[in-house]
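One chain, chain A, appears in both complexes that follow, with chain B as partner in the first and chain C in the second.
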Partner chain A sequence: MKLKEIKAIKGKIIIKTGLHIGSGNMEMQIGGTDNPVIKHPFTQEPYIPGSSLKGKIRSLLEYYYGIVQEAAKSEDFKNSGGLATPKMLKNADGEIKNHIKNILKVFGAGAGETDENLIIEIGPTRVSFSDCRLNEDFKKQAEQNHWSYIEVKSENRINRITGTAKDPRFIERVPAGTVFDFEVYFKVLDDEDEKLFEDYLLKGLKLLELDSLGGSGSRGYGKIEFQFDDEALKNKFNSLKLWG
Partner chain B sequence: MLYEIKLHILSPVHIGCNECYTPTEFVIDVDKSIMIHFDLWQFIKTLNDKEWKEFENISEKDTVACLVQLYRFYSKVKEKVKGRIISIPKELAERYREVKQLNDEKEILKKFNEFEIPRTFFNPYTQTPIIPGSSLKGSLRTGYLDKTLAESPDKENLIKNADPRNPEQLEAKILEGQMSTDPFRLLKISDLEPEGQVKTKVIYQINVNKLKDNIRSTLSIPIEVIPEGSIFKGTVKLDSLIENSDIKKPFDFKSLLTKVHAHYAEIFNREVDLRKNKGFRRPLIEQFKNELKIKYFLIRIGKHSGAEAVTIESVRKIKIRTAKGSIWDKTPTTIWLASQNKKPANLSQAIPFGWVMLEVVNADTL
Partner chain C sequence: MKTYIVKIKPLTGFGSPIKGDTLFGHLCWQAFEDSQLFGKSLQELLKDYEENPFIVVSSAFPVVKEKIYLKRPSMPLYKLFKISEKEFIQKRKELKSKNYFAFEIPLKPLNEITYEKINFIEEDSQIRCTINRLTGTTGEAPFTPYTVDKIYFKTKLAIFIGLRQDIAVESFKEALKRVGNYGYGKDATAGYGKFEVEDIKEIQLLASSGNYNALYTLSPSVPKKEEVKDIYFTPFIRFGRFGSIFAKLKNPFKNPVVFADEAAVLIPNEDIKKPYIGMSIQNLSKAIPEAVTQGYSLVLPVEVQDAL
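Now for the complex of A and B:
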C-alpha cells in the first residue's frame, strides 16, 4: 500500500432550498432565534462543516448498498447507531461484507478501532472533506445587494382537532441561492481505490443531490447542487447512473 | 422513489412568514394601483444632493408626522424608484393618497396600520415567493389522517378517545407510530420555487358569515398573495421502507394523494354549495378534470384554508365566539375570501383562499 495520488474535487455547492445545519445555542441572545445555523466564530458567516457532508454521504451510501437493510434484520445492529462498522464487518458476508469494507476504507473505521489486522487491511481513511466557506464572488454579490446570509423561517404545528396553531418556532436557514466553495480530497493507495472513488465518493455526492443536507430535509430544507470546476469530472458525474 | 411535482395555484395563496412590507421600502403609484417595493440602499444612491438633504431631514425627525412626510417625499421622487411591482386594490391606493394629506398624529397612526401588509413567504435574495415544503407536507398529512381515520376498523374508539389538548396522541394512533416510527418521515418534500415569473399581488381578506348576508368589514385587511394561475415546482422523495422497520403503516404516494384528494374535494364541494347562496367565485378546475386523481390531486394550503381543511372531520371541535362567550362546533360560521374591494357590494369577484392542484409530472410512475 503506497500513496499513488491524491485526487482533488473542487467546485461549488449551490443551495437550492433553505439550509439548516444547526449549531446549538451556546448563549441566549436578545432577538436571537431558538434554532441558529452554524456560523464561523470570527466572521459570523454560515458555513457547511465537512463533517455534515461526510456523515450524510456515508449514511446515504449505507442505505444505497443495503447495509442498513441488513442491519435491520438483527436487533443488535438495529439499535447500534453507526452501521458500516468493524463489528458488522465481522458478522457480515458476501457482497454486503465487501460494501462495508469499502465504506470503512473510504470513510474510516473510527479512531477507537484496535484490531491491528483490520487497521492494516483497511488502511488510512481515503476521503477528506473540507469545511465549505461562502464563495467569494457570491459574497461580493451579497455585499453589493445588502443581502443577509440568514433567513428566519417561522413555523408552527396545527392542532388537527381544533384547527388552531401551536408550538410556534423560528428557525434560521441559509437562503436558497447561496453559493459555497467545496473541496474534497481522496487518497489513492492502490489500484482498486480508483473504483472506490467512483462507486463510493462520486455516487455518494450524487445521492446527496437527490436527498437533502442538514436538518428538516423531509419538509423542504437542504436541497443542494454540486458544480465541479473540472469539466471531465463534471461529465463523469452527470453520466453516473445510480439505478438501472 | 423521486417524483417531480407542480402546484397549480387555483385561488390566492398566502404562506405566512412573520414579515410585513415596511413603509420605508415601498411607494404606491396611486394612478396605476401598484406598489413598488424597492431596496432602500439602491434608492439612496439615486438621490441628488437636494433630495438627499430632504430625505436626511425627514429621517432625523422623531414625530409620527415624519411618516407622512416620507410618503410625500417618496411620491415626489417616484420616477427614480426602481423595484418589484406588486398590484394592489384601487381602494388601498386611494387610502394611500388620503394618508399623504393627513396632519393629525392619532389619525396618521390609525391609517398607517392599513399599510402593514403581511408578506407571503419569499426568498430574501430574489424577493420571489416560495412555497415551503413544510406547508405542503402539513396539508398532505391532514388529508391523509382524515381519510385514514375514516377507514379505520377502530374508528369509533379513536373518535371517542380523541383529546383536543393532545392531538399528537390521536395522530400517533391513526398512523400507528410517532417520531421515528411515523410513516411521514419517509416522505421528503422540497420547498417549491416558481416556474417562470410569478407576480404577487395585494388583495383584501374579507370575513363573510356563511348564514347571514352581511360582510364583517371591520375584518377587511390587505395581504400579499400568490395569484391564481401561478405554477410552482419541486420534488417529492418517498424513501422505501426497510424490512423489519418499526414503521408499521407505510403508504405509497398514489394512495397518499388519493386520500388527500378525497379530503379536500369534500370541502371544495361544500364551498361550491355555499357559493350558490353567497355568490362568490369558484376556483376553476375544468382543465384538470380528465386526469383528476390520476395526475392531478386537489389540495389546500396556506392562510385561510379554513378550519375544516386543517382538521380531521370526525373529531373536529371548532371554537366559535358568540356574544355570550364561546362554544364548540363542527363547522365554522364564517369564511374568509380574497377580494379586490374592502367592502364589496356583492361577492361576485371574491374567491376562497388556498386552493391548489398538485400535479405529479411523472404520474406514470405512481
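Now for the complex of A and C:
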C-alpha cells in the first residue's frame, strides 16, 4: 500500500430548494419550531454534516450498482437493509462483487471483520467528507441584505372530504440560494483507485444532484448543485454519463 | 531535538479531544501510508523510538487573543495560589474553576501566575441514522437513530512539537496538514475533526524559565522511574484502539495505559538536558505486537515553591 496521491475536491454547494437536515430536536423551546435544522452550537448557523453527504451518496451508489437489488434476493441480506457489507462481499460473485468491494474501499467497511486478508484487501477508507460551513462571501451578502439563514415553512394535509386543513406543522429549512463550502479528500492508494474516484465518488455526487439531500426529498426539498473550483474537474463532472 | 509551536484552526466539530498520544498515532499512519513523507519508512522511524523518539507531540491548547493558554498544573490548589488559609477556604470553588494560565516566557513561579477561567469547548451531539435501503426508512436495529457526541473548539489551538534533528519541519507540517484534511479522531471520514495548519514557529522550551526546579508536561506521559523524584498528576486512562485499516479488526482495542495527564508537574532527579521526558509504550496488543504509543511528553521548566 502506497499513497500515490490525495485528490481534493473543493467547491461550493448551492441550495436549489429548501434544505431540511433535522437536528433531532434535543430540546424544546417556547415558540420554537418542532422540526429545527442542524446548527452550529455557538454560531447558530446551519451546516451540512459530512455524515449526511456521505450516507446519501453511498446509498445512491448502492442503488445505482444494483447492490440493493441483490440484497433483496436473500433473506440474510434483507436484514442488513441493502447496504454493501463484508459479509455480502463474501457471498457475492461477478460484477456485483466488484461493486460491493469498491464501495467498501471508498466508504469504509465498519468494524468487526475477522478475516485479516479481506481487511487488508479493502484497506483504509479512501474518501473523507467534511461538515460544510456557510460560504464566507454568501454570509457577507446575507448580512448586507438582511437575509435569514433559516426559513420556516408551514405545511398541512387537506382532508379530501371536508376540504379543510389537518395536521398543520412548521418545518425549518435552509432557504434556496444558500451557499456552503464543500471539501472532500480522496486517497489514491493504488492505480485502481484512480478509477474509483470517478466511478464511485464523482458519479455519487452526480447522482446526488439528481436526487436530494436531507428530509422530504420527494416533496421537493433538498435539491442541490455542486460547483467545483477546479476547471478540469468541472468539465469531467459535467461530461460524466450515468446511463447509456 | 528542536521544538516548535504550531497553530491550527479547527474547521468542524471533533469526535475526540486532541491529545498527544492520539495525534502521534495519526502522524504514524501518515508515515506508514507515505514512506517518502519523512524520508524514511515508519519501521525505520520507530527503530530507535525507545531511546531517541523521532517526534514528540503535545496535546492541543487554546489560543485566546494570540496567547496560548495552558492547563492549570495538577497540583493542590494551596500550592498554586498565594493567599491566606481563611481566604483560600472561602474562595476554594472560585479558585478551582480557574483552569488555565497564559503561557509566557519567562514563566513566573507557579504560585505567582494568574490563573483564569477559560471555556473554549462547546459540547454538542448529532443524531445519526442508517437508512434501510429496502424500505427507505429508519426502523429497528441496526437502523435505529443514535446520538453521536461532538466537541467544538471556540478558539484556534496550539500544539507543541519536538522533532529529532533528522526530521524536517516541512515534512511534519505536510503530515499534519494531511491529518487536518482527512480529519482527526472519531468519525473523520463522516465530517469530523478537520483543521487548517497555520503558522509554525521554533521555540526554546528549556529557556521558558530561568530558575526552574520542576517540569510541566504538555501531553499524557509515562515518566521513567529514574527521571522522577516526585510527581503531581491526574491519572488518565487511555483505552486506546487502532486506527485506519486496523480499526476494522475484530479486536481493534489496545491494552489500557495509565498516563499522567498533561499538566502534570514532576520534580526531576537531575538537570534536564532534553526537552522531553517519558518513554515509549509497548506490548499494547497481541494482534499487532509491534504497536507503540507515545509515553513521551515535551516539558516546560517551571518553578515550584516548596517543591518537596
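Here is the rule we go by: the second predicted complex is superposed on the first by the 240 of 244 C-alpha atoms of A that agree within 3 Å, B and C clash if a C-alpha of one lies under 4 Å from a C-alpha of the other, contacts with A are read in each partner's own complex, and residues count from 1 in each chain.
Please note the rule applied: contacts are C-beta pairs under 8 Å (C-beta built on N, C-alpha and C of every residue); 3 or more make two chains touch, one makes a residue touch a chain.
Predicted model only: the values in this text are computed from it and were never measured.
Novice: Taking the superposition as given, does A:Asn159 touch the first partner, chain B, the second, chain C, both, or neither?
Specialist: first
Novice: Touch check for A:Tyr185: first (chain B), second (chain C), both, or neither?
Specialist: second
Novice: For A:Asn35, select first, second, both or neither according to whether it touches chain B, chain C, the two together, or no partner.
Specialist: Touch partners of A:Asn35: none, neither chain B nor chain C.
Novice: Have a look at where A:Gly108 lands relative to chain B and chain C in the superposition and call it first, second, both or neither.
Specialist: The answer is second: A:Gly108 touches chain C but not chain B.
Novice: Taking the superposition as given, does A:Ala72 touch the first partner, chain B, the second, chain C, both, or neither?
Specialist: both
Novice: Does the superposition put A:Leu83 against chain B (first), chain C (second), both, or neither?
Specialist: It touches chain C, and chain B stays clear.
Novice: Given the touch rule stated above, what does A:Ser59 touch, chain B (first), chain C (second), both, or neither?
Specialist: In the superposed model, A:Ser59 contacts chain C only, not chain B.
Novice: Looking at chain A, does chain B or chain C touch a larger number of its residues?
Specialist: Per-residue touch count on chain A favours C.
Novice: With both complexes superposed on chain A, which partner does A:Lys2 reach: first (chain B), second (chain C), both or neither?
Specialist: Only chain C; A:Lys2 stays clear of chain B.
Novice: Under the contact definition given at the top, report the residues of chain A touching chain B in one complex and chain C in the other.
Specialist: Residues 63, 68, 72, 78 of chain A touch both chain B and chain C.
Novice: For the complex, give me every residue of chain B touching chain A.
Specialist: For this pair, the touching residues of chain B are 2, 16-18, 39, 41, 121, 123-126, 130, 132-134, 136-138, 142, 145, 162-164, 167, 170-171, 184-185, 187-191, 193, 234-235, 237, 239, 242-245, 307-308, 310-312, 315-319.
Novice: Residues of chain A touching chain C in their complex?
Specialist: Checking each residue of chain A against chain C gives 1-3, 6, 8, 22-24, 26, 38, 40-42, 49-51, 53-55, 59, 62-63, 68, 71-72, 78, 80-83, 107-114, 116, 119-120, 122-125, 127-131, 133, 183, 185, 187, 189.
Novice: Which of the residues in chain C end up touching chain A in this complex?
Specialist: 11-13, 33-35, 122-128, 130-135, 142-143, 145, 147, 152, 154, 178, 181-183, 187-192, 194, 244-250, 252
Novice: Within their complex, state which residues of chain A touch chain B.
Specialist: Counting only chain A, the residues touching chain B are 16-18, 63, 68-69, 72-73, 78, 142, 145-148, 151-155, 158-164, 170, 175-178, 210-212, 216-221, 223.
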